[in-house]
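A, B and C are the chain letters, set down in written order, and residue numbers restart from 1 in every chain.
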Amino acid sequence: MSEAARGVSEAGHRVKTSRSGSARLAYALLLPAAVLVFGVVLYPAGRALVISFYDVNSPFPGAYPFLGLANYAAVLSDGRVWTAAGHTLYFTVVSTAAELVFGMGLALLLAAPLKLRWLFRSIVILPWALPTIVNGAMWRLILNAEYGVLNAVLTQLGLADGYRSWLGSDPFVALNMVVAADVWKNTSLVAFFLLAGLSTIPRELYEAARVDGAGAVRSFLRITLPLLVPTVAIVLVLRTIEAFKVFDIVYVMTGGGPASGTQTITFFTYLQAFSSQRFSVGSALAYLTVLAVLALAMVYLRLLRQRST
Amino acid sequence: MSEPKGTSEPKGMLSRRELFRLSAVAAGAGILAGCDVAGGGGNAGGQGSGEGKIKALFMQQAAYSEADIRNMTADFQKANPKIQVEPTFVAYDALHDKIVAAAPAGTYDVVLIDVIWPAEFGTKKIVTEVSGDVPAAWQSGMLGGALTTAKYQGRFYGVPWILDTKYLFANTELLGRAGVDPVSLSTWDGVLAAARALKDKRVIEYPLLWSWKQVEALICDYTQLVGAFGGKFLADDGRAVAFNTGGGLAALEFMRRTLDEKLTNPNSLESVEDDVRKVFSEGGAAMAINWTYMVSAADDTANSKVAGKVAVLPTPSGPSGGPGVNGSMALSVTSGSRNQKAAWRYVSYLTSAEVQNKYAKNSLPCWAASYDDRKVVEANPKVVPVAKKQLASLIERPQVPRYNEISQLLQAEIQNALLGRKSPRQALDDAAAQAKPLVA
Amino acid sequence: MRYRVFIHAAALFASVVILAPFGWLAYSSLVGQSDLLARPLRWWPERVTLDRYREIFSADQGAAALFRDAVVNSFLVASGTVVISLVVGILGGYAVARLRFPLRRTTLLAFLVTYMLPPISLIIPLYLLMARFGLLDTRTGLIVVYCSLATPFTLWTMSNFFATLPVELEEAARVDGCTRLGALVRVILPLARPGIVATGLFAFLLCWDEFLYALIFTSTGNAKTIPVAIAEFTGRNAVDFGLIAAGGVLAALPPVLIALVFQRYLIGGLSTGSLKG
């Protein structure tokens, strides 16, 4: 936003009616949204917080022993939690990084003078619209060890000696397959975000650079990337939050195996809360996850802001 | 992040003041919610009038089909016009969690429970104890293996309805090509020898296939072997784990050996029962263990290439005999039900010998006498003779309230051993160490 | 010239990578079971069939029929949520963008923090609440829950969007005698159309995609949504890959069509709604 525009909008504020009247109107306008969101979320969130301090091991109301922070201590000293946190972190970092890199490539292509650009744009939007559960089921069919098309392609092209298991033989391979499925779907959305960011960069900047003799690579590094930093920040925060909560695709593709190699924090939380009826441990885990996401989001924003100023 | 105009605070960062305000809001919510600690809304169930509406929760997987259950229900309503039943079907994977989530609200009156849940659901009072309602005649009329399905510490928490165990299925054509007589498959040693013969003669690359994905199915296969090798999950007093010694260890070593010798298809580690059924039906495995439903599936010419070439055998014996894993399920009345009387009538009807005999095609009856019923035998000529023998001896997975947690630990550690990341002994010792506090 | 060849080659390559899995899904839904299970795989099918689609559309009970119900449920739930969350998001977003009031930023942040809560932690208390109000296994119940997921998002993007629109137009309208709300409806909303459409599209896909709440809160064809139906489908029908594929194709069709129709708004909506401001 330019200085001129900022001045105008400051002026806009000054024209306003009395301050208290505007506050009353604001609260009235916000009320429906607040009722919808906090009416649904606040009570369960508060209860989950309370539950995390007790030892609630059945879904029924009742008097449960108060444990204070013991659940949090138990969670933090459970090796499985750290393993799952490691998987989650790996999933988050690798998938977000890959989505940013591929998404940038796609965004630049989408902005380039392509013939049939509308068609390419329609193709790129497809994976984003595919429901996650369908995406997981689709990749499970493709990666099937006995009848999957990936094995068939690799074998018939001579790139592999024979059929192999992608989701069952090696925990690390399986984790990467889940990452790949996620990247395939979500790169699409990232590309559109970055394209939107590209469209806000004034063309004159590139023209000026060209006059100064800068090549394509240099103007990308000097103009495009720095100006895309705010977009990248948003994408990073959004994707990090989503990746940290990853559940559906694991549920469909691997169920957490092999050897717990694809078990993520939310999946482990789900097992604790439902399968084991350790609701307190599950709630403690969930709150620790929120804290981690919040911290990560703030670190991102701070880093990116420092770089941009 | 966004920043509306006119504020001087740094963009996108939480200021201390905002953090304070947010935590104030959170604390407010906490106080609000703290008024009833884990509480609010628990419904005490009740007997009810014995009439009216009831809801029942089933699974749509093996055993009775959805159509079977709908037909049974229609018949029940004809006989009991004052009770309306609304059956609901979910995937097995969602069944346990659905029952737990619905318990405080009393959504369902009747639920189908797996053999591994009575301890958990009984002690947590999610389902009602029915010991007083079970007629003595039932206890003598039901097969021993079935009867224990819904029993925990001498109390009944439901009525057995689906009676199942894993049988050995063999592809007779492949066996024939390797010159293996199906009779030799009565022991696990025999199975191993047959697998080696099939492999040596290049009849098939991997003769064996299992359901070893990291889910409950893995424990079912493991349990079957634990029984054969004379192992135990728990010490006799039920207060210590015992699977990491003796037969429990031998069973896992056996599993690992079949992988090391490349007799077991490594894809077993991502397979569940339905994957096994599919590969076997395509002729991709010579031998596999699976539930009763595979009998009709593998012999169905429309969906199977091996129809007519399937031998159904009792589970092979090890040094300690050949008990099959108890994979039964029972129908229970929930504690939250406000119409328990009507629910009980429905349960009694579905579990009766007449109904079970009528629908024996997809699931064998729990009643001893049924196995001499001509119609039951005719519906399942291949399984009934084997079942009669097999169902007499079943092995249970541990009956403890925190079974699911133990199972999860075991699944992970067994896979560690199968993938060669740990020795079987190490894996089971690790599992035992983690499981110890869960049984005490 | 070399640049033009390069970008077209790259676009072609990207298209293949994106379309191949889709193509395989569609192909699997149309060819015979034996073609899918052949080893080595045949690339030219022996049998092409619409049987699975016919089964899904004609079955009167069981998984296939449930699937049909689920498409309808997903559509109604997603549409209802989009409408409601857009309306309240527009009102709230306008307040955040244009009005000054105490706790403005805190309010916005509080909305955004709810977006970070994993559904797992809320699900049991929420189940009880819904049971108390008779909302379990109803589409209304799902709409209520989904509105709580979608509204923080709509409110945030709409507030950013409004902030980019010049204030003068609004003021001109108010000088002409419009109330604030009148100006919002007559002047701001028409200008904000791309943003509204893009935000609505996001909300729609969010609902179409949601799995965990739907898994626990629904149990019959009354309210089960597509992701739940698909998950059950894949769990049970490991035998017929083709049927899973057909289900997947049908589940993907509505959101894909909607995304294609509204895509031209997406760039404009994204660039002003979430990036500027």
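Everything that follows uses one rule, which is that a contact is a pair of C-beta atoms (placed from the backbone, for glycine too) under 8 Å apart; a residue touches a chain by one contact, two chains touch by 3 or more.
Only a predicted model underlies this, so the values are computations on that prediction, with no experimental measurement involved.
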* Pick one for the touching-chains graph, please: line, ring, star, complete, other. => complete
* Asked: Where are there more C-beta contacts: A-B or B-C?
  -> A-B
* Structure fact -> Max Cα-centre separation from chain C goes to chain B
* Structure fact -> For the pair chain A and chain C, the C-alpha centroid-to-centroid distance in angstrom is 15
* In whole angstrom, how far does the Cα centroid of chain B sit from the Cα centroid of chain C? -> 35
* Going through chain C residue by residue, note those that touch at least 2 other chains and give them in order. => 37, 96, 100, 104, 110, 113, 123-125, 129, 163, 231, 274, 277
* Which chain A residues touch at least two other chains? -> 1, 9, 13, 43-45, 47, 59, 146, 234, 279
* Out of chain B, which residues touch more than one other chain, so two or more? -> 5-6, 14, 33, 40-42, 97, 101, 104, 275, 278, 282
* To do: In the complex, go through chain A and note every residue touching chain C.
  => 1, 5, 8-9, 11-13, 15-16, 19, 22-23, 25-27, 29-30, 32-34, 36-41, 43-45, 47-48, 59, 105-106, 109, 112-115, 120-134, 137-142, 144, 146-147, 149, 152, 155-156, 163, 184, 188, 192-193, 195-197, 199-200, 216, 230-231, 234, 241, 245, 247-248, 251-252, 266, 269-270, 273, 279, 282-283, 286-287, 289-290, 293-294, 297
* To do: Over in the complex, which chain B residues touch chain C? Could you list them?
  => 2-7, 9, 14, 18, 21-22, 25, 33, 40-42, 57, 60-61, 66-67, 70, 86, 88, 90-94, 97-98, 101-102, 104-107, 272, 274-275, 277-278, 281-282, 297, 303
* Structure fact -> Contacts from chain C onto chain B in the complex sit at residues 33, 37, 61-63, 96-97, 100, 103-106, 109-110, 113, 123-125, 127-129, 131-132, 136-137, 156, 159-160, 163, 215-216, 219-220, 231-232, 235-239, 274, 277
* Structure fact -> Per the touch rule, the chain B residues reaching chain A in their complex are 1, 5-6, 10-14, 26, 28-34, 36-42, 96-97, 100-101, 103-104, 120, 124-126, 213-215, 266-271, 275, 278-279, 282, 284, 402, 404-405, 408, 411-412, 415-416, 419, 421
* To do: Under the touch definition given earlier, write down the residues of chain C that touch chain A in their complex.
  => 3-4, 7-8, 10-11, 14-15, 17-19, 21-22, 24-25, 28, 36-37, 39-41, 84-85, 87-89, 91-92, 94-96, 98-102, 104, 107, 110-111, 113-126, 129, 144-145, 147-148, 151-152, 155, 163-164, 166-168, 171, 180, 205, 208-209, 211-212, 226-227, 230-231, 233-234, 241, 244-245, 248, 251-252, 255-256, 258-260, 263, 266-271, 274-277
